[in-house]
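In order of appearance the chains are A, B and C, and numbering begins at 1 in each one.
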Amino acid sequence: MSAWLHRLTDSDIWWSFKSSWLTVVAAVATLFIILVSFLSPILAPHTPFDPATISLSDGLKPPVLVSADGEWTFPLGTDDQGRDVLSSIMYGTRLSLIVGLASVVVAMIMGIALGLISGYVGGTTDAVIMRIADVQLTFPAILVALLIDGIVRGLISVKQHDEIAVFVIVGAIGLSFWVQYARTVRGSVLVEKNKEYVQAARVIGLSPMLIMVRHVLPNVTGPVLVIATLNLGLAIISEATLSFLGVGLPSTQPSLGTLIRIGNELLQSGEWWITVFPGITLAALVLAVNLLGDWLRDALNPKLR
Amino acid sequence: MPPLDKLGNNPPLLEVKNLRVEFPTRRGTLLAVDDVSFDIAPGEVLGVVGESGAGKSLTGNAIIGLLEPPGRIAAGEIRLEGRRIDNLPYEEMRKVRGARIGAIFQDPLTSLNPLYSVGRQLIETIQTHMPVSASQARQRALELLKEVGIPGAEHRIDHYPHQFSGGMRQRVVIALALCAGPRLIVADEPTTALDVSIQAQIIALLKRLCREHGTAVMLVTHDMGVIAETADRVAVMYAGRIAEIGPVREVIKNAQHPYTRGLMGSIPSLGHRGERLTQIDGSMPRLTEIPKGCAFNPRCPQRGERCLVERPDLMPAGSGRAACWLHDARGVGAPVKDLAHA
Amino acid sequence: MLVFILRRLLQSVAVLLAVGVVAFFLFRYVGDPINAMVGQDTSLQEREQLRDRLGLNDPAPVQFLKFLGNAAQGKFGLSYRTSEPVGRMIVERLPATIELSFCAAMFVLVFGIPMGVYTGLYPRHWSSRLLQAISLIGVSLPTFLIGILLILFFSVILHWLPSFGRGQTVTFGWWTTNFATISGLKALILPSITLGLFQLTLIMRLVRSEMLEVMRTDYIKFARARGLTNRAINFGHALKNTLVPVITVAGLQLGALIAFALVTETVFAWPGVGQLFIQSVQFSDIPVMAAYLMLIGLLFVVINLIVDLLYFAVDPRLRAQGGAARVSGH
């Protein structure tokens, strides 16, 4: 274990990480956000989505340092229902992160699987999958996600939809991003498929599929990671956008996007804190993720070494 | 330092004195060119030969002022026709490039901008350095293309680089390098990327043109055969230093430095069939691990105690000079036989 | 060369057909069109009759062809939500979206390309680093958040610009335009910036990274070795080689603006096709969704085609090869 740690701290990647203070800050910030949000049941001062604990009389309190009406029990203010903004942000961030990560994982799995199949099996299957990919790529991802969500909405009732909203969103966003992974993996498979060791494996009866997984997958981890880092920020933004538009996570399980939507309706009358604080959190989160992604891409890029 | 053997008694065209090129990296500062000095006389062809990583290309880059950062000239002087050029501001050096010093690089395909016609690239270069009109420039471009042997120059002048074959492209590159009339050309591996059959043509062309124009050439390459064909003198580089320098025939037939001897012995030649090729054990040290004393000592069959400790400068040896204690009055000291640590 | 064009045209048609299939499936099989049209107490028999009359019991391929035929004429049935003809709804709102996208595109090009060239040529200068930092923020902020912040600042606090709607528009035939009135122009500013900011940062980063790569090529090195002026190198050689691959991506991105407009239109209550689409998703208004899908599909296919042809015109290597592969600018 210590030998592995030693190798890690001695590596080029660690050096390039340490030498960029910005990346270190971004990493620390991301870790902080993740920790705080995932520990929100313990850390949050209130439970804003338990109807029993909120009261309308607490509604619309401004942040504590900005106005005399503020209170320390609600440091960032409350919304019109009396929900504490700080706690809402913590729970909301957790949801945003979960959805973002989950959709990237879904997209990766689906993309890698389809890429492997498409590349290995070839023929009509390959053609069909690639044509579908082409058509899907014609549309921006957000549109695809919206479409899927709209279709699901048309098939089930509103109440059912709210209950499984998280899964629908994860599925919708994941489905909108699989294509890049599939293409990259397929490219690698095509390269490896013709190499002699694969043919040799076939001759001795080994399943070439296993060989593919064993040899191709390690080769694509680099590019796949690069795509994933690009995607994570986008996924979080996509979910926030969908929620903001009212077709994402509902107000019973709000993510940061939902919170911003709720706050937006009150913006004109001057209660800015309900939108701005979740907005800042969202921006900080995505910024940190993007910085980390940028660094990772540069570190993995052989051309820049 | 006394001037080296030259073809004539003219003052040297190019003087390089104690050049040091450094690369600051995260593991410390690497010394890629270490205290290199040589001259080039007007019209002479100096070959610079050595393995990959010996510092020959970097020396060439330093001379034309195109060292890529973080590399930089840490010490030394470079003089062209008596005037210092290593410390010129960028704009001054820009005027020197092309007009007084030209350069040719290895890969003719990537040396030419794919989106501009050959003629446009020639005319642009000509007009940058000479106060001529566009039509005069085009005329000159046509003449140059004919000189380098492009058939049908009148309409090929408007063709794009991808429409030429590899050998033709390198001819265009040579034309581009010569078009503003430089006194010196730094040619960095000009034939390595070409087919063997084309290499000879290009080398002959380069040699002929430079003779006709009176242009000196610093020919950097790892191919001894090209040097033998083309150069008047040759400098052998090893680990960032010059190991030996002298007239080509002499260095080939009668090498004075053990490294050069090893190099020559490892080249197969038709006259000595059936003889074993010599091989130098070990490999050139990495820039981070250059040995103390003479850089070649771990691999040298004739090393002595002095070689492990004192670093030799170039000293007279044979009809040229070599950096080897063997040619010093005091010799190498007691022989050190054990080569196990190469 | 002709072969190339023909091939691309065929590809485009194929993609359009595929999109049509998806739209058709949406249209016919998601949700029940009959349910949306009749009341609860209509008998089953009457529903069957209605189905027959509307041709909903015909074999699928026949329905598909009819669907395509109608689509070509702009007929997509009636909206589930408003019972208006979908085609007309879209046409009404199209000018709003197109004008907005056009403004945003101008914003992106006029600022994005020069900024990208500048940060590519002088990457270590503090101003470049600052621009890069700002661009990173631009990429990290979701469009709707940018819109909200801009509204908060310029509208709620400063009262300089309107926070919603198109302002005063002028009608020419079937087209309504913002460009003819001051109020219309003012209304365009915030939405255009919001819509374009993301693309602007993308273009800027793209141009910058292309520029950096081009500056490291051998032909730039050779150009320097020939003593060409910085101006000739930066703007003659480097810029041209940078812009060639940028054209394709830029073209595609700008086309994407029309689709991305849907978020901006929602934030600013801009009455365009994007806002229409969002409303249709919220209400599961399938005919509108299908129509929007086909529209966007057509748009992207056309843009892809134009961009490919442009590329062809600009890169001499492709003209020689017959456009076999997309070659990068270096």
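Some notes on this structure:
Here is the rule we use: a residue touches a chain if its C-beta (ideal position, glycine included) is under 8 Å from a C-beta of that chain, and two chains touch if they have at least 3 such contacts.
Remember, it's a predicted structure, so these values are computed and weren't measured experimentally.
The minimum number of touch steps linking chain A to chain B comes to 2.
Of all chain pairs, the one joined by the greatest number of contacting C-beta pairs is A-C.
Between the CA-based centres of chain B and chain C the separation comes to 54 Å, rounded to the whole angstrom. Chain A and chain C have Cα centroids lying 24 Å from one another. Taken together, the chain A residues at the contact with chain C in this complex read 131-132, 134-135, 138-140, 142-143, 146-147, 149-151, 153-155, 233, 237, 240-241, 244-247, 257, 260, 264, 267-268, 270, 272, 275-276, 279, 282-283, 286-287, 289-291, 294. Partner chain C is touched in their complex by these residues of chain B: 64, 66, 94-99, 102-103, 105, 107, 110-116, 124-125, 128-129, 160, 162-163, 173, 176-177, 180. On the chain C side of its complex with chain A, the touching residues are 14-15, 18-19, 22, 26, 30-31, 136-137, 139-145, 148-149, 151-152, 156, 163, 256, 259-260, 262-263, 266-267, 277-278, 280-282, 284, 286, 289, 293, 296-297, 300-301, 304. Chain C makes touch with chain B in their complex at residues 217-219, 221-230, 232, 236-237, 240-241, 244, 315-317, 320, 329-330.
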